[in-house]
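Presented sequentially are two complexes of subunit A, the first with subunit B as partner and the second with subunit C.
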Partner chain A sequence: MSILEKLQNINRRYIYLLAWVFVLFPLLFPLGLPVPIGRESKAWKEYIENIPSDSTIIVTMDYGVSGMPELYPMTVATMHHLWTDTASKNFKIIVVATWNQGPLVFDTLLDQMNPASTYGVVYGEDWIELGWIPGSETGMAALATDMWSQTPKDFLENRPLSEYPIMENIKTAEDIDLVVSFETGTPGLPEWLRQWNTPYGTPFIVGCIGVSVPGMAPYLASGQLAALMPGLTASGEYELLIGRPGLAVSGLDAVSMSHLLVVLLVVVGNIAFFASKSKGVN
Partner chain B sequence: MSLMTLLPVWTAVFFTLAIYSFLYGENPWFRFAEHVYAGVSVGYAVAFNLDYLRDQWVNRWSMTGGMAVLYLFALAMGLLWYARFNKKYFFLYRWTLAIVVGTGIGMALRTVVFTQFLDQIISQAKIPLFISGDLLQSFSNILLIIMTPCVLLYFWFTGGARETGPMKHISKIARYTIMAGFGAAYGYTVLTRFSLLIGRSQFLLGILPNPPEAKMAFITIALVMLASLIGYDLLKPKNT
Partner chain C sequence: MSEKLRSIEIPIIITAICTLLQVIPYYLDIQFLDNASAIERDWMLLIVNMAVFVGVISIGQVHGRKIMRRAKNWEYSIILMVAMIIMALTGLPIESIGLGLDNTIYNFLFIQVLTPLGSTMYSILAFFITSAAYRAFRARNIEAALILVSGTIVVMSNAPLFTSSLPFLITWKNWIFDVPNTATMRGVMMGAALGAIALAVRTLMGIERGYLRGGGTD
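On to the complex of A and B.
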């Protein structure tokens, strides 16, 4: 077997091993590669900074534990940004989830961030967690028309919503000024847009995994989506912009190295393919 | 360090590595982790559903007799899902299915024309050809205005019609556009897959805020697992 043929038939285990090496090495020995700030992360930061005072914001956790590596850092950074501004801008934040593992992910975030002591926000007054909204798109529609019926109790303390001051004037989608969604798939943005944006005009900003970005782009171009945070790289940029480096920043070197590996493999594969083709090797 | 702190970390490390062991090849570690994962996620979903049903009953539907009857009716309709496991009563499962499909489609159709059709057309029509001072964006907009109708026409015509007259050139542009789209999708997919690997690697290496104890568990379990995989490979009877 010639070298050209060998290059086209590399045992997949070696490729996986290379992938591990290219990811683990920069995590163990950070390279400090430059991080250019993209327009998406800038737009996200500016949008959150310009949310008007007294806004009521829904943060929806539309992903499970499998989406955590890519979405959790941006969720932490965004919640940090929102909770930091809560005192000065009197935000009311309602956390929901249309994926049943969403509350589990948010529990992890609460353990890590401890909002009461870190930001001085009061549960039930400044923010509340309503938990999982079942029923996918139908559940979203029901939540829009009557939040109290869809979630009679909160998630953390399991008490009726009537006991929380934050919920006093919040009944339907008309009382919501912004939805911030972190999502990995369906149900996700198209469903939210159909049930909230089109009928009620609720603005949306979305943080999503890389796979979903091409599908989100048309909504961003049409203005139905006000800002988009695409994947781990943008999360890292956003962490730098708000001055709170976290997991995404520490993973950026690994992102660059892993992409370098993919580009190298694509180039090597193509060279081998075309070279063997020109030599008439099958 | 207490056992209650270490146990969840070592368990998480074990299951992460057991799932990744599939990269080496099919093996009992992976099978075990796969089955446990399936069981745990189904159990979690069932528990959450039951919790939701209870909350709805206590705080809403049990308030009056009429609402209680409606709740029980909905519950009975929900139980009909299980009729699909019985050949004799299989048809009952279709009633529930019809309600779910009908409601879902009805809900979506209410606004889908505006959200995913009209708004996109309006947005496309509003794109300016030239933006002063931004040549790159102007170029991008011109491409968008050419490429989008080409792709739509490509799917509008089928078979030989694509290869005759002006459609010949339009089809070519459309194919390049579609390939560019696939390329972008592939690139982002690779980004996501590597992001998942990076996230788990950060956990395995105990990079904060992940538990630092994971690093020792990673080294120990990885070595044991690798040795057992190689041993399993060597001892496995070879297919002749």
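On to the complex of A and C.
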């Protein structure tokens, strides 16, 4: 096998090894590359900043532990932003999950952020966690028509919703001003839109993993989706915008290096392909 | 009588009624149908919750059989069964005896085992995608060249390493996202929606019976 043929068919094990080195290197030796801010992260920040006072917001954890590497940083940054503004803008935040591991992921976030001491928000008055909503799209529809019967008790303290002042005037989707969804797949935005946006007009903003981004484009263009946080790079930009560099920023160098490897391999493969073609090998 | 009760038409009629109870209130505001639709949704949620137990039984059957027969990789099935039983028992919401979400073993399994395993499964994608991109992005013809160029632009535009020195990549990526991608995805979505409508109509009319009798055609 000639060198040109070998370059067109590099053993996948060497590629895996290279990928491992390219990701590990910047994690051990951070490069500190500059991070240009994209339009998505800017729009996300502006949208959250412009949420009207006294709004009631649902944050839905539509992912499990497998989605954490990409979605957890943006969830932390967004909750930081929302809870920081809660006192001045009197937000009411309701946390739900349509993925069964969502509440467990949110538990991890609570352990890390400790909202009561860090932001001074009071559980049951400023925010509440209702837990997992089973039934996928059916559960979303049921939640829209009657939140109290769908989740009679909260998730953290397991007490009836009637004991929490925050839930006093919140019964149906008509009482919700915004849904913030972090999601890796189905159920996700299309199901939420069908059951909440179309019948009740509830606005949505979504943070999703990179592979889901192309599928979000039509909803963004139609205005059904008000803002989109597409993957880890945008999360890093958002963390910088709100002045709270965190998990996403620390991963951006690794993103850069892994993408560099992809581009290098593509270039090498194509050069070898065309060189061998010109020599009549292929 | 028993023949009539076993008739294939009965489940078809039940399916049609249940479907229409969800479809009609979506478009028309009729209080009676709204209430019936809400009750049906509650029933559906109860069935979904019961299905969790069916899942547990199914896993037990599949892996139990594997262990009994010493089938290939049966050792992993033991780990799965033990982890499932421990997690289910320690996670039971009985706080008075130390079980539930605050249980130490449950938390250890979730934070130290499940979370890193889940992250690892997702992270392995990076290796596969790198290898797949190297093999797929090759300009063998015009169509492949278009995919190569647009794919490479999108990859580069997602990495600060490139966008910090080549800011025009962001503009190019935005155009790809806004124009060809949106147009294509709209086409895909509309096609899928029309297909779903056709399937729903066939199911309602009893023509599509794949969901009955284990996929039979009667």
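Keep this in mind: the second predicted complex is superposed on the first by the 281 of 282 C-alpha atoms of A that agree within 3 Å, B and C clash if a C-alpha of one lies under 4 Å from a C-alpha of the other, contacts with A are read in each partner's own complex, and residues count from 1 in each chain.
Definition applied: a contact is a pair of C-beta atoms (placed from the backbone, for glycine too) under 8 Å apart; a residue touches a chain by one contact, two chains touch by 3 or more.
Model, not experiment: these values are computed from the prediction.
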First (subunit B), second (subunit C), both or neither touched by A:39: second
First, second, both or neither for A:146, with subunit B first and subunit C second: second
Subunit B versus subunit C as contact partner of A:28, first or second or both or neither: first
First, second, both or neither for A:6, with subunit B first and subunit C second: neither
First (subunit B), second (subunit C), both or neither touched by A:247: first
Subunit B versus subunit C as contact partner of A:223, first or second or both or neither: first
Contacts on subunit A seen with subunit B and repeated with subunit C across the two complexes: 12, 16, 19-20, 23, 66, 68-70, 104, 134, 136, 138, 141, 149, 158, 199, 210, 213-214, 218, 221, 231, 233, 255, 258-259, 262
Complex contact set, residues of subunit A against subunit C: 8, 10, 12, 15-16, 18-20, 23, 33-36, 38-39, 64-70, 104, 107-108, 134-136, 138-139, 141-142, 145-146, 149-150, 158, 199, 210, 213-215, 217-218, 220-221, 231, 233, 236, 252, 255-263, 265-266, 269-270, 273-274
Parts of subunit B lying in touch with subunit A, wherever the complex brings them together: 23-24, 44-45, 48-49, 52, 55-56, 58-60, 103-104, 107-108, 110-112, 114-116, 119-120, 122-123, 181, 184-185, 188-192, 194-202, 205, 207, 209
Subunit A-facing residues of subunit C, complex: 26, 34, 38, 41-42, 44-45, 48-49, 93, 101, 110-111, 114-115, 117-119, 121-123, 126-127, 129-131, 133-135, 137-140, 148, 152, 155-156, 158-164, 167, 170, 174, 177-178, 181-182, 185-186, 189
Subunit B partner contacts - residues on subunit A that touch it in the complex: 12-13, 16, 19-20, 23-24, 27-28, 66, 68-70, 72, 100-101, 104, 112, 132, 134, 136-138, 141, 149, 151-153, 158, 160, 190-191, 193-195, 197-199, 209-214, 218, 221-224, 230-233, 246-247, 250-251, 254-255, 258-259, 262
